[in-house]
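Common to both upcoming complexes is chain A, partnered first by chain B, then by chain C.
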Partner chain A sequence: MTTKITSAPPAAGLRKEPRRRPAASPSVSTVGRPGFAWALPAAVFFTLFAIVPLVMVAVLSFMSWNGLGSPQWVGTDNWSRLWDDPVMLKSVWLTLLLTALGVVIQTPLSILLGVWAAGYQRNRAVLSVIYFIPLLLSATAVSVLWRALLDPNFGIPAEASWLFGDGNLFGEQATAIGVLAFVSTWQFTPFHTLIYQGAARSIPQVLYQAAEIDGAGRYRQFFHITLPQLRNSMITSMILMIVGGLTTFETVLILTQGGPGTDTTISAYYMYDKAFKGFDFGAGSAIALALVVAATIISLVVVKVSGYDKMRSSMEGVS
Partner chain B sequence: MKTRARLPRLIATGATLALALSLSACGDGNGGASADDGKIHILVYGDATNKIEKQVVDKFNETSDVKAVLDTIPGADYQQKLQTIISTPQAPDVFFNWGGGSIKPFVKADLLLPLDDFIKKNPELESKFLPSVFNNAVVDGKPYGIPMRGTQPVLLFHNKNVLKKAGVQPPKTWDDLLDAVEKLKDEGVTPIALGGGDVWPTQMWFQYLYDRIAGPELFQKALDGDKSAWEAPESKKALKMIRELVDAGAFGKNYDSVKYTNGGSVALVAQGKAGFELMGSWYYSQQLTDHPDFAEKGLGYSAFPTVAGGKGDPKNVAGNTNNYYSVLKKTKHPEAVAKFLELMYTDEFVKSQLDVGNLTTTTNTDEFIETSATPEYSRFQYDLVANAPSFQLSWDQAYPQSAASNMHKAIQQFFNGQLDADGFIKAMQALPTE
Partner chain C sequence: MRRRPNYLAGAGSLVWLVLVGLPLYVMLAATLRTRQDYAQNGPVSLPDTFTLDNFTGAFDSGFGQYFFNTLVVTACVIGIVLLLVPPLAYAIVRSRGRTTSAIFRLFLLGLAIPAQAVIVPMFYLISAAGLYDNLVGVILPTAAFCLPMSALILSGAMRDISPELYEAMAMDGATPRRMFFQLVLPLSRGGLSTIVVFSALQAWNGFLFPLVLTQSDATKVVTLGLYDFQTEHGIDIPGLLGAVVLSMVPILLVYLFARRALVQGLMGVGGK
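For the complex of A and B:
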């Protein structure tokens, strides 16, 4: 266990700024920043590949188009059809459910793993590397892999019928959702573990040393130092989980195709189903736009509620 | 980090749109590559059979002034990609399709050339093909496609050893099948393997039973837009029989978790864990690849059983009739295209298709069948198809592509009990027919 204060380098970096630009005030908020030109490449790409398509999708959501010929204006037809569509409503609930499951399952797991992996012991370093592997695989490969592993006759369920019964995991809603939540957890927990590992390592050791002197045990240290200090990372990780959950697609496409029936048809998959299987690009665009709006609102709410926008330093009480 | 997925998807959508818009913008101006380069472009689904299509193109180019170019689109997204380019200047002159619903939207959009004139000049373009196959590319009474690969009827395959052990013969009638189901259950095997996860294997049971009970006319009526067809007593009877078969445990309980496409149901039959599987004729080569020993020694096949009292001719078959070449209306070289299509029934063409295991549907196929890679199997299929008064195209291909997804949902939901007969009928009535 090292006693070095790991937060030293960034602080030094900030202090260098004023020296290079003597005219600027020493306060951090008025430190000189690169001009707008620096943002130009990113802005151009973002406009071209995000804003422009988004506007086109918005326009297309008021049109009827099957990919042949010219799109026809249909006013709000697509939207009113969606509003009355029971599958759409169901897909919204399923999306929220899967997102919530992702957050609820992955957050505790990755906090525990991340804090554990933050230790500098060699075995932890080795195991962390192994835990990281699922993230390196593409979502497609992961889904194909688990579909094969969960085959009822030749996969894991066949060997463990005491747990899986007849192994009809993809044939019933509850188990199909369970599989989706499990596979996402398996794949994305390593990423969030990484976030928490970094965050846990940047918690100043002095806090733990002071706690030890005060006689706080390991659990008290975890709940009163580690967890509060991980607050901002937790919010970052949760926003990523929520946005990721709302836009989950490949996993559903390959594992369940939205089935059985429409029992795992989440909104993003329903969008694909409408646009690229049903060639109803108008309805597909309407779902896409609704998804963008919903994801934006939810992210904003999380940011507001959590106080993330105020960017409070996690270093309070240290310097 | 799942957010990764969002940006590429937006980019893909944007790029497709940008592509489509910019293409349509320059369309009327300078014209595209295929329109002006003095060649005919032939677009084909990319797979192993392409080497034959290449041979045909080479042979055509030896004698023709207008040269042909073979373009292929690999992968399962053929229909989506075709639909994206077909109304652009980059559209091919001739393209591969599945007949039926796969070309109907193009006919409605007035993109395809009816082949009446070609046939008037050279009647062999129609008479050289088996009528039941040729008719599946007829839309609104006009022919739009020339058969260009092999036929793939759906057959009832079985594991000979499993059937023998249970004392079961390949079923000739529906009652035989129900009887076999009970005997196989007693043996502790799944009577019928089914890749319900893919859904289209499930659909095969529907299309055969409807054909046996109601004849092909009822489905045709529904396809022509008369939705009351789904409420007919024959329709309800077929649904009742499917329900009985499922409830009898013919498919076991976990069929929705089994897939054909990842080899699951194939292995069930090969390893003797299931007795039967209803599948297209490509099943033989699939077994040959996955389980060569079993394919040569233990794999048996028979036609779909007859149903007592059914209105459909018991000799009818269902499946993929063939693939077709259709011609775009805007082609600059119709004469050259007609000459190219005439190569689809030459002796040489038939022989090279049979060599790779594709069963052509020309009238001269009969003469060369002994040269096929699997003469006995080819003969069985050919006689089946040639003697069939009607060849029911797979439902999801007979309907427009836009209906396929909802049709699959209804089929899966009826099969696993989420929908009752009335729910299924309503779902089928809601499908678009054009």
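For the complex of A and C:
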């Protein structure tokens, strides 16, 4: 709790204070307040390069455009084509499957690692440094690294045929999905571990001392104190996993290119494929819009279920 | 901690250590050995040979230029963020107007926009503006997508400044501008360094915007270079991994010298 961000809860209190004060001392509070002009440059810039494109993606999803010339209005044509497209339907299922796999694998793993890393074992500091190295690699670098490591001829599978069979993990749907789930886990578990580490550190020690006096063992303490106390962090972390899973792109592009066939073509990759390989920018926009709607619904769930302030407090104790 | 060691968690952490450590070992070992050594002895073996050819090879295939391009993009993105976000965060924290709170809600909404969702219109806009295959065309959207999280981080930091300090300055008749430069900026250095690291990471690791908005070698960034290297010379694994190692050196340096700011910046990355 030494840095600015981590002490969000008291800050939230301070934020309200000046708002109540005007009644008491109007002379002080009305002086020296910045006008909205201070926020305007950023707002204009953001509108131009994020909000306008977002509105345009909705418009383009009702248009036909091949990348040259001007887009033509085609009504709901893109949508009805996608609706009847078996690859689209398959990509939705694959996206949901990979997202679910990510949540199911990464949540228990990162809770265990986070709680462990929150302890004060002597080896912890050294090991943590290695643990968090995947965080330093870009999504591109992680995918390129694993593509090389899992190369059927020159990678690890060629060495360990007892474990990997013929070694071509990219040749079948089941193993290709396994690779994608594994690489996402490898890449993102350290981040979620950080969330849980911070949250576990901020659990008051008094609770454990009380439990010990009551004779609760380690596992009862874990299930009855640690897990319930981590609830808000679990919500935050899972929602980040879901949004991240829905928009997974680089991993698929670099590791499997949606293959074999279209067996790992998830929605975000299909959008890229439609738009930038098939030059069907209208259909690409429609898929993109569907992704935004899904991501927005989930973000609204974030705000409703966990709340912005709770989200900040899950970052407490990060060091 | 006086409690007994937790053997189950300890064992789990060891498994994770192998899962993370082994690939990193293979990566480092592969980059420091020759291609023949790697092909004959396999990725997990101890290297027989020592060479720096894999790094020089990366530079020979154009990575020097890619590094320079990435550096330009990163510097410009940081510049834009530092120019736009501090006044924005200051207004969010201190202004009481309705317009400002509407703008703040706009940025909260912006947190939910994935970059993937806007690449098609972005391609259209950037092409129409004549900025296709131009680093400026990569810099502008990358910076825009750094703004929401940076605004959140920095306004969080600025809220920690005590209201008494503002009041004291207001008593002296200070203008908003003077408070901003003499009070707010000096007291939010921690938040500022976090948003610098956050935006630098976004720009350095950015892949999607360069992928769809550039095509020539002259504008290629490192991540795109890695992707192309993999599709073109996928068999030269030591060379490829050498390029991967080079791409993470700058982040590793930040990790060593500014670990706290980096970790907080990373938390922002995942929050996106």
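Please note the rule applied: the second predicted complex is superposed on the first by the 251 of 319 C-alpha atoms of A that agree within 3 Å, B and C clash if a C-alpha of one lies under 4 Å from a C-alpha of the other, contacts with A are read in each partner's own complex, and residues count from 1 in each chain.
We adopt the following convention: a contact is a pair of C-beta atoms (placed from the backbone, for glycine too) under 8 Å apart; a residue touches a chain by one contact, two chains touch by 3 or more.
Model, not experiment: these values are computed from the prediction.
> After the superposition on A, what does A:Thr247 contact: first (chain B), second (chain C), both or neither?
In the superposition, A:Thr247 contacts both chain B and chain C.
> For A:Asp273, is the partner it touches chain B (first), chain C (second), both, or none of the two (neither)?
Touch status of A:Asp273: first partner only.
> What is the contact status of A:Asn66 with respect to chain B (first) and chain C (second): first, second, both, or neither?
first
> Look at A:Gly259 in the shared chain and tell me whether it touches chain B only, chain C only, both, or neither; answer first, second, both or neither.
Only chain B; A:Gly259 stays clear of chain C.
> Is A:Ala139 touching anything from chain B or chain C once the two structures are fitted on A? First, second, both or neither.
Both chain B and chain C are touched by A:Ala139.
> On the A-aligned overlay, A:Phe154 touches which partner chain: chain B = first, chain C = second, or both, or neither?
both
> Considering only touches as defined above, state whether A:Leu230 meets chain B (first), chain C (second), both or neither.
It touches nothing on chain B or chain C.
> Name the contact category of A:Val115: first (chain B only), second (chain C only), both, or neither.
Only chain C; A:Val115 stays clear of chain B.
> May I ask you to decide whether A:Val57 touches chain B, chain C, both, or neither, giving the answer as first, second, both or neither?
both
> So which one touches more of the residues on chain A, chain B or chain C?
Comparing touch counts on chain A for chain B and chain C gives C.
> With the touch criterion stated at the top, can you tell me which chain A residues are shared between the chain B interface and the chain C interface?
Residues common to the chain A contacts of chain C and of chain B are 48-50, 52-54, 56-57, 60, 67, 135, 139, 144, 147-148, 151, 153-154, 188, 191, 240, 243-244, 247, 249-250, 276, 288, listed in rising order.
> Chain A touches which residues of chain B in the complex?
Going by the criterion above, the answer is residues 1-3, 5-7, 9-11, 13-14, 17-18, 20, 24, 80, 83-84, 86-87, 105-106, 109, 111, 196-197, 199, 252-259, 262, 264, 267-268, 273, 401-406, 409, 412-413, 416, 418-419.
> Mind listing the chain C positions that touch chain A in their complex?
1, 3-6, 9-10, 12-13, 16-17, 19-21, 23-24, 26-27, 30, 38-39, 42-44, 80, 83-85, 87-88, 90-97, 99-100, 103-104, 106-108, 110-114, 116-125, 140-141, 143-145, 147-148, 151, 153, 156-157, 159-160, 162-163, 166-167, 169-171, 173-176, 179-180, 188, 190-191, 194, 204-205, 207-208, 212, 223-224, 226-227, 229-230, 234-235, 237, 240-241, 244, 247-248, 251-252, 255, 260, 263-264, 266-267, 269-271
> Contact residues on chain A for chain C in the complex?
Chain A residues touching chain C: 3-5, 7-8, 10-12, 14-15, 17-19, 21, 28, 31-36, 38-43, 45-54, 56-57, 60, 65, 67, 71, 109, 112-113, 115-117, 119-121, 127, 130-141, 144-149, 151, 153-156, 158-159, 186, 188-192, 194-195, 218, 240, 243-244, 246-247, 249-250, 253-254, 268, 271-272, 275-276, 281, 284-285, 288-289, 291-292, 295-296, 299, 308, 312, 315, 318-319.
> Taking the touch rule as given, give the residues of chain A at its contact with chain B in the complex, in rising order.
Per the touch definition, chain A meets chain B at residues 48-50, 52-54, 56-57, 60, 66-70, 135, 139, 144, 147-148, 150-154, 166-171, 184, 188, 191, 240-241, 243-245, 247-250, 257-262, 273, 276-280, 288.
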